[in-house]
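Letters A, B, C, D, E, F, G and H mark the chains as written, and numbering starts fresh at 1 in each.
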Amino acid sequence: MMDTKSILSAVKDGSLSVEEAERMLRTQPYVDMGFAKVDTQRRIRQGASEVIYGASKTPEQSVSIARTLIDNGSECVMITRCPKDTYELAKQEGLDADFRDQARICIIGRMPEKKRESYVCVICAGTSDIPVAEEAAVTAEVLGCNVRRIYDAGVAGIHRLLSDADTIMGATAVVVAAGMEGALPSVVGGLVSVPVIAVPTSVGYGASFEGLTALLAMMNSCASTVSVVNIDNGFGAGYIASLIDRRGDSQ
Amino acid sequence: MMDTKSILSAVKDGSLSVEEAERMLRTQPYVDMGFAKVDTQRRIRQGASEVIYGASKTPEQSVSIARTLIDNGSECVMITRCPKDTYELAKQEGLDADFRDQARICIIGRMPEKKRESYVCVICAGTSDIPVAEEAAVTAEVLGCNVRRIYDAGVAGIHRLLSDADTIMGATAVVVAAGMEGALPSVVGGLVSVPVIAVPTSVGYGASFEGLTALLAMMNSCASTVSVVNIDNGFGAGYIASLIDRRGDSQ
Amino acid sequence: MMDTKSILSAVKDGSLSVEEAERMLRTQPYVDMGFAKVDTQRRIRQGASEVIYGASKTPEQSVSIARTLIDNGSECVMITRCPKDTYELAKQEGLDADFRDQARICIIGRMPEKKRESYVCVICAGTSDIPVAEEAAVTAEVLGCNVRRIYDAGVAGIHRLLSDADTIMGATAVVVAAGMEGALPSVVGGLVSVPVIAVPTSVGYGASFEGLTALLAMMNSCASTVSVVNIDNGFGAGYIASLIDRRGDSQ
Amino acid sequence: MMDTKSILSAVKDGSLSVEEAERMLRTQPYVDMGFAKVDTQRRIRQGASEVIYGASKTPEQSVSIARTLIDNGSECVMITRCPKDTYELAKQEGLDADFRDQARICIIGRMPEKKRESYVCVICAGTSDIPVAEEAAVTAEVLGCNVRRIYDAGVAGIHRLLSDADTIMGATAVVVAAGMEGALPSVVGGLVSVPVIAVPTSVGYGASFEGLTALLAMMNSCASTVSVVNIDNGFGAGYIASLIDRRGDSQ
Amino acid sequence: MMDTKSILSAVKDGSLSVEEAERMLRTQPYVDMGFAKVDTQRRIRQGASEVIYGASKTPEQSVSIARTLIDNGSECVMITRCPKDTYELAKQEGLDADFRDQARICIIGRMPEKKRESYVCVICAGTSDIPVAEEAAVTAEVLGCNVRRIYDAGVAGIHRLLSDADTIMGATAVVVAAGMEGALPSVVGGLVSVPVIAVPTSVGYGASFEGLTALLAMMNSCASTVSVVNIDNGFGAGYIASLIDRRGDSQ
Amino acid sequence: MMDTKSILSAVKDGSLSVEEAERMLRTQPYVDMGFAKVDTQRRIRQGASEVIYGASKTPEQSVSIARTLIDNGSECVMITRCPKDTYELAKQEGLDADFRDQARICIIGRMPEKKRESYVCVICAGTSDIPVAEEAAVTAEVLGCNVRRIYDAGVAGIHRLLSDADTIMGATAVVVAAGMEGALPSVVGGLVSVPVIAVPTSVGYGASFEGLTALLAMMNSCASTVSVVNIDNGFGAGYIASLIDRRGDSQ
Amino acid sequence: MMDTKSILSAVKDGSLSVEEAERMLRTQPYVDMGFAKVDTQRRIRQGASEVIYGASKTPEQSVSIARTLIDNGSECVMITRCPKDTYELAKQEGLDADFRDQARICIIGRMPEKKRESYVCVICAGTSDIPVAEEAAVTAEVLGCNVRRIYDAGVAGIHRLLSDADTIMGATAVVVAAGMEGALPSVVGGLVSVPVIAVPTSVGYGASFEGLTALLAMMNSCASTVSVVNIDNGFGAGYIASLIDRRGDSQ
Amino acid sequence: MMDTKSILSAVKDGSLSVEEAERMLRTQPYVDMGFAKVDTQRRIRQGASEVIYGASKTPEQSVSIARTLIDNGSECVMITRCPKDTYELAKQEGLDADFRDQARICIIGRMPEKKRESYVCVICAGTSDIPVAEEAAVTAEVLGCNVRRIYDAGVAGIHRLLSDADTIMGATAVVVAAGMEGALPSVVGGLVSVPVIAVPTSVGYGASFEGLTALLAMMNSCASTVSVVNIDNGFGAGYIASLIDRRGDSQ
């Protein structure tokens, strides 16, 4: 559908029938696997690695989608929220798979080479926020970024954060994961002049409402550099950070 | 009712009849003014100035309660959330009244002398939080405290806050008023080892929900020194801070 | 505080006394105007135009801050959520002021030259979302970006959006403002491989809860490219988009 | 009670005593099974198959209600939210039972013949929404409708949806099941001029609040063709769609 | 975009150039009026009258869109949530306009003839719900339906509702508007075997939360025939009811 | 409808035709005034005064309903949430009307005589809760009860409440109106062994959410004697209290 | 504390020392069992059976409190939310215990004789609401009331409810338990002129929010006879109903 | 960072190099253990025992942090929300550990001596609130305070609370833990003139929303002495109470 013009041209010069053109517009961009429509064109369109959301799929489904993508030319596929079982099935079926425990990400294929010197910075407030931060960090790495991590740097011990101010201020994008009161992105956002992607985490108890309080706090950040993704969505934050980091490539 | 023992003793030694004792237990602690029961004993029991909540009363009601208290021996009465009209009526009726615009507090009578060297620190995040901060500050002053103010010190410009760290760390209690993401109490709470009373303000828009977001964020503060009062309740925060400051008096 | 090292060096070589160094660390980064602490260093640190949030300030306060910034070397200052009165006072006081009605932004000084060919795309769902979209668009322009606007392109008429797909896909960052069900960012986010900053608007009625529904929907976007700012926060979205667009500059 | 007139006539002509008439008005429309009052007249009044909500009943209760209905003349009974155990008990007890795994529906008796050429279209956004979509689809089939399914057609890959636009536009009613941001009904609702019944699903995490976000988004749909049923209520959506499809029957 | 096939055919047989075809796909379905994109094809595609949402538009905007539609062949245009000013401007500009006070709807042009004998039933619970009910009723009438109204029939006086049971049971679709506890759609939904479109109204106080309680109650209706639209959305309910009623037309 | 049996008997003995009987079942219990269906039988069925909810009616509507009721034999009619205008119109039209300012209740006709010695007790927490308490108290009086009032007896001054413990413990039913934290019903509920009807009021600010906090607190009362009505619903509380008080009448 | 006068008299006539009087005021009304303060006087003050809330206690704790009460003269003790284990321990320890499965209530001792002819009516909407209804019904029976039950009488089959109208209208108090949309109390409340105690149940799914929707709907009941207790609080409803029923006793 | 001045002085007099000074400012205040940054200076700065939040850490992590603190000079370390396993590991590894079951606190090292005569009072409403109250009480004891406990003193039995009024009124700070309606802090707050720290507990069911209702009620306390911490945060309440109690030390 994106390529309307070239399909129209082919129809005009007779190299494509009306019926075929219509079918192409309909079926081309994905492979229908019954339980899912796999988008085999996205890699070409976006130049990025492929992503499978592993949480709601059986190991068999995830591995079979991964294989389809690899067979269609993907060099690297990552499975997020990946159960250990899925990784083990992938290994067993001979795929070149690697597993990052804390990030719950399975990487299949070859990690992309780092072409840039720039880096993305991933910060988290407490030790309980590390899994979400790692999901963001590994995602950005799989998508070709250098990543620097600053963990356990909550606002109630502000000197721990400030001692890393240079690293933070040198990044092209910053991901900040925090639960409870979600205050860290505001402090970080005031230190930098690059986008800060805030990830509320479900860390906390009582009136943290499983991340809702952090989410609302982050939405109200007094720092203009802050935008927010869903609770515990480390993947989304890492993905967006990688898009910003990539923006510096010669285009 | 609080003095059960002494009333009982008086009954026993005959200086008080059973009927009188019963009546005393019932009627003593307040004056019934029809529209309100004024607690004329509280000053004696608590040694503090008297407080009238002005928001839901007519100028006539507030001024008449104030006069009753003064007539019963109060040296200083303050009217909070005080409409200008009420202050003007008090002046007009010959009461010794003073009005603090930003704090919306009317002070009737003589401010108590400051007996202590210690001080309470009142901090606010943005210029819009100043009225709430002032309500806290003036309340503490009326209740006999020294107050130091640090205003417009939001977390997105953390150096503005840190430049006043010495003042903050020297207080006996700290009040922190903030709206939007409500992050400031956590940062302050990590700097000090005295109680921090956090006041969420209704400053903000959209997902600030008129202070609810700040309230929830403050409830989840990662600093163990922080407790929270109602949205915009500067009076309560100042009152509690004064109780803590007074705790250092020889007892 | 950011320049600890150079201040330390000056102390060491005797060109700066300990007392002066301490004072500098404390007072340097801003001018205290009583009602506000104006950050005169941010322009130097961030290379951007200055921003004053006009909603909670009197015309006198806004104009006096703007003048302070211009006097300290800012070339362009913008006042957001600017009441018409403030603009008129600025004109009257001889400042070089321009007013954008729909965006509610007053621009004081000289708009920066556009140095890039790249552009930011600003999209909105309905005609009622235009003020928020304009706030984002003008903000990005003041911060040096080219902007292309696509307005009234709601998802219930998907062909209106798709007819502009080329423009959308060519941007370096996309801002999407939508109220009601907040579905537009997901559709746009699926078309592009650059960051999409979603702005929920307070447009709607009943169960739109003044933008909360749109905010929650956007937080749950199935497109990985979407992050979200506060309800009606066009300024924040435009600011972040400009940071991403600027990222392509030679560094 | 609905037949007041005929009962009254029978009383008048003496064929019915006052006492009997009164009892009839009271007891006729259902069979009291102790734990439930089974409505054996509904089939007659509504011409539809019977439905048992299996979730809150023991296998014994569901099967015994089903048998009562079959014994009273029902040709087809369906048990929704049916535990596998219930189906197995029905088989074991000699009932003509069929089980649809994904839809969690047990069908007892003979499926109605399809008398119409028209069809209902059931669409879902992601693979995780399929159980809810299947509940709607099987319900409509049991109630005599033809059903066409379009699954995994989320708005972030809008071309997947549009490639099936013809099928969607030819339906007499459309059911759309979606979780997360719940945007799909708005896009579908803009394509068609028949009623769209939107079913929010509990698919998602974090700020999806188990379907509440999708529900609210759907309530705010900018497409006028959309109405909404409860979270995960595939049965209700399929039921309503069948009523609309049936509306085309000669009446 | 919907007519891909015929455009493709025209391209193939040379009656349409590639460039023209591309432009058609893009620009054909609407007229861009600057402040709005007016969909002049919808009437052709859907055979219905046109609708303008008047609440967020100036009288000038609404009237000018109405004129554009009439000029493009619409026979009847309705403006919902129409301020009286808009109606008066339309009259003044010579348009054939009619105003329904309670429904807040302005009708421009000729009401469609009623071609069917069937009717839609519109019910409301209390007198305060009448404006919403009237919006639904007039909408259905403008779209060609017969409408029967049953007003002030709340569930706490169940005999008032039951006395109209015959009328209710004879409709092809039922709209039920209710505020407060929103119980009426469940009772009505149990009486009929046609779709019931429930409209929560903002009528009530305290814990009615401006219609939220009624909305939630209706979402949980124990009657399977009930689906729900947004609070006070009488237009949407009337629109969907008319689609169902029209379904009986020979097709 | 309630009298099925006697209507059936009349049909049987020929004193009533089938058609008449049917009509009676349908039309008897109310007078249709166009804008409202007035229930003229309720007084007979319930032996109570009549009530008109004045908030959503014009003075003309309220007065005309009142007159209809008086003309049909009501001795006393009360209009709740009554605008002063309505009372003045009633006076002007010659009705025997009385107005209770604080309670916002207009009484038309003759107050019933008190036949019982028992009394209902109405308590409120603060002076701002008095209007709601008065609505309850006057309602109970109009419905024939003796009422004792205890006002301004909040839980933070528990001795004020306890000094009236005898009065509280002697009532047949207790109404407690409180805003803010809504704690009073629990304390009262622990003192008595009669039903306590709790009325949350919208008194408070910030996290009182216009009565929601008080409502939720009252729902969770640790006293088993407490049930709750809607926010500010003094009428309902007084009505229920009167039903309980009346229960002691010889029956 | 309730008997201040008699204690004072004893002090006066010397039969009680001041110290003893003080201790009595403090310790008399309950037995401190370490983990709980058991109120042994309540039976005397209230004439009712005793109640133990079993949910948060170990079997040992519940049984030991029960024994303490029996030893202090209670004739009947009931344990609500009683785990089966607790009942079995009571039996094993030789207490005269009876267990009501559906109501989850263990009765220890002798059920009170029914002294009245009057009865309480307990109604529930669906079969899933029966446990809550039974808790109310058994509670009322243990407290000396006759109870009539009407179960599975939801509003979507209004004839099932109306066929029992006579029973409902003859009660002295009505308990109505309903989940989902919580509409039943409004319908019942319109039929009767005695208090209706509504119990929202946690029955439902999706937007029922575990009873919150039913609770809010019931708070907004258009029937003035309805007050509400906490979700699933059958005990509270039965307790209040028994207080009302008892009110008819000669006093 | 707190000691900027002394570090600057050392740089000036040459005893510290610029590089070393910079490193000190950065690294001094904590030991980085990989999974956590342990603040070894806090004891010096605050003179208090150390606290480890045990809930989100493995036994190995908690014990290893505790050992690090003890090795750095801490005399007493407490682990809150401590799993029994962690205590057992500590014992096994030869640490001097003590476990308080109800409080879920493990104490490692030597309890501080009590230097003051003053005491903190900890009150709870019901037996289910005891674990939270104990967490507060033990925390205060570990931090050097005397503690007096008053448990099971809910507001529905107000005499149980009042019998301990003397103890309550003699404290320097009061902690009040309560679930359900959260009314107790208001009653206590009215009795005393010292700060009351209210802890909402998650005790309750239905509309208690796991402590949210109690939290909101406490935020709205009519007693000015009350501030609030997070749901079930006994530790925070005890910590703040200890800071207030300590305030009386000669300073």
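The rule is short, and it goes like this: contacts are C-beta pairs under 8 Å (C-beta built on N, C-alpha and C of every residue); 3 or more make two chains touch, one makes a residue touch a chain.
As the structure is a prediction and not an experimental result, all values here were calculated from the model.
Relative orientation of subunit E with respect to subunit F corresponds to a rotation of 90°, obtained by superposing CA atoms and rounded to a multiple of 5. For the pairs B-F and A-B, the larger set of C-beta contacts lies at A-B. Work out the mean CA point of subunit C and of subunit G, and you get 60 Å between them. For the pair subunit A and subunit H, the distance between mean C-alpha positions equals 39 Å.
Centres computed as Cα averages put subunit D at a distance of 25 Å from subunit E. Multi-chain contact residues of subunit B (touching two or more other chains) are listed as 1-2, 25, 126, 157, 162, 206-208, 212, 215, 219-220, 230-231. Those residues of subunit B lying in contact with subunit C across their complex are 126-128, 130, 152-153, 157, 159-160, 162-164, 203, 205-208.
For subunit F in complex with subunit E, the touching residues are 1-2, 25-27, 29-30, 35-37, 39, 55-57, 200, 202, 210-212, 215, 230-233. Listed in rising order, the residues of subunit C touching subunit A in the complex are 1-2, 45-48, 51, 162, 165, 169, 172, 193-195, 197, 215, 219-220, 224-231, 235-237, 239-240, 243-244, 247-248, 251. Subunit G makes touch with subunit E in their complex at residues 125-126, 154-158, 162, 180-183, 186-187, 189-191, 204, 206-209, 212-214, 216-223.
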